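Attaching a single structure in structure tokens format; questions to follow.
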């Protein structure tokens, strides 16, 4: 089998066939064999996710092993990584409902995840201080609307400044909704266009393939 | 550099420190301030309260580790609300991590129930676990449950679950409760369940996603929404079930006020500089 | 048993019409009849950002945030981001700019690595490509601190934030802005578009992410598909106007579209 057939044509055909089957299932009552096949395909995404996770762990381990062997800057952190990996994988292989494994998740992974998510608040405040200046009329309108909606959203805002509640709800329900509707429609059309290009094989970057193009 | 310029280009670490103090203080030393209920939250509560006793609702649990602090308390209250009303619940999740946190919320809610409240697994509620495939998976589940899942989260075969006797698609459900966190997945519930089956839907999303769903609320496709930590706090308040969200919501008062003060300060200095002709 | 599932016929008709329009314009382009398209400012922005990085001798970073390719809602913008990565990597290789692509999923990492390696190979600069350094796998969660710290330590002078962006949008774009990087941002997750527009120097909104991917592919048939998408927009516009007028005169139109 030629390399082009394996690397390009077969994946493109499979993408198109599976994609069209999923679309048909949404619109037409399909026989059980097709529905069952689609359910199985969707379940395979769980398997692929797990495989992708394994792939990532392997890449990361190689990278850290290289850091340790070459004693690059911060190589001792890589040793922490290796130890953590061994402990977590070991406990997880015993059972993902193992008490110690759950302890690691409850007391280390999820608080860290929540803490990192909370970084957003700090960066939004820093960004707002730097960016929200009424440099021109457009920026001034943006600033005033943002102020009103924020005042509406904080619990005490409606108590301190009662007018912000009806104005903020109007802003959120009408101009903001209109803008979001436009964006949602545009994005949906963009996805349809991308889908057509992928299904007919005109764009293959998702397969890691970059073909020579005119004018690139 | 002039003092005004220095303030205008304030070191971000000073901003972070001020925000940290503004958020941490009311959590460590609770400050209770008055709070009014947003229209969206009241609408969502009124809808949830109107779900008839004895009916079954489908509940998507989409909170992960990052979003559970803001949505978890509200989700616990929603489960509490449904079970105390005698509404039965069919849970599922479209994310693997979210699946785990849904179980956590169920266990927390059941622990809070008044003694004697029916909350038996398989009879009053069931968790179907993780459903793969995103929106397509949701569509498959609500059109044919048994073709999509063969057992619940705990391994019990679907046909052995009393709650699911005679239930194989969404036509058996009276409402959709979609606690999607930051997944942005609520449109899945609208497109795959609410619109095709004519079943009303409400739920929760993070605060920054609420504008995303305003079009659906305006169109009547979504019956209100609990937005972020404030939405959860409002639900706790409306149910008279104080919890962690109320404390966090108080903290957002101070964070929000600090944000507004900083923006006003920045603009005042900016205009002073402009009036002086400085850059 | 009906031929079409109840309530979905209108959606099917809309899908067929729009796909037919896209295929029509692509076919026209095959025949040499290429529609005239407005040049996207972002195309020039890519050149400008890479050029700045070359002048300052500092790296350009290409970030895609969530690249979970097994989640349908994330897959489409990620594929679009790969398309733009292909073009950007080619320009970076050609101009000799340092280029760095952190990726947070194994599958996406291998695809991105292939794309960037091919771009460097196409420009004859394969020696500049570091297999484990140019495209780097960072676990989701740990990537935040790595990217924040290294943006400062490397004094990044150009950054691209393209793909499916969630809450990390503000963290990374604000950090890049504070470092002094010139940035281009674009996502289709509507609630994060305002952050990218406010903070980035150049931005592409929603659909433009997919349009840019088609545009920079350099293939006129792909660019022509954008004209087909515009047919969908015209249909939506007409329906909005007609629906608004009917609703204004008091006609109940809710049942008109439930077939």
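Read from first to last, the chains carry the letters A, B and C; within each, the first residue is number 1.
What we mean here is this: a contact is a pair of C-beta atoms (placed from the backbone, for glycine too) under 8 Å apart; a residue touches a chain by one contact, two chains touch by 3 or more.
Please read these numbers as outputs of a predicted model, since none were measured by experiment.
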Chain occupying the middle, per Cα centroid: A
Chain pair, most C-beta pairs within the contact cut-off: A-C
Most distant chain from subunit A, judged by the mean position of its C-alpha atoms: B
Chain centre separation (subunit B, subunit C; CA means) in Å: 29
Intercentroid distance (Cα basis), subunit C paired with subunit A, Å: 13
Between subunit A and subunit B, centroid-to-centroid distance (C-alpha), Å: 19
In subunit C, residues with contacts to at least two other chains: 5, 8, 167, 178, 190
Where subunit B touches two or more other chains, by residue: 12, 66, 133, 136, 211-212
For subunit A, residues contacting two or more additional chains: 26, 45-46, 49, 113, 116-117, 124, 126, 130, 132, 180, 184
Subunit B-facing residues of subunit C, complex: 5-8, 71-73, 166-167, 178, 189-192
Touch list for subunit A against partner subunit C, complex: 23, 26-29, 45-46, 48-49, 51-60, 62-63, 66, 112-113, 116-117, 119-120, 123-124, 126-127, 130-132, 180, 183-187, 189-198, 200, 202-203, 205-210, 212-216
Contacting residues of subunit B [partner subunit C, same complex]: 12, 66, 133-136, 182, 184-185, 195-196, 208-209, 211-212
Contacting residues of subunit C [partner subunit A, same complex]: 1-5, 8-9, 11-12, 15, 18-19, 22-23, 26, 68-70, 76, 78-80, 82-83, 85-87, 90, 104-115, 118-119, 122, 132, 136-139, 141, 144-145, 167-168, 170-171, 173-175, 177-178, 188, 190, 193, 195, 198-199, 205-211, 213-214, 216-219, 221-222, 225-226, 228-229, 232-233, 236
Residues of subunit A defined as touching subunit B within the complex: 22, 25-26, 32, 35-36, 38-39, 41-46, 49, 109-110, 113-114, 116-117, 121-122, 124-126, 128-130, 132-135, 143, 147, 150-159, 165, 169, 172-174, 176-178, 180-181, 184
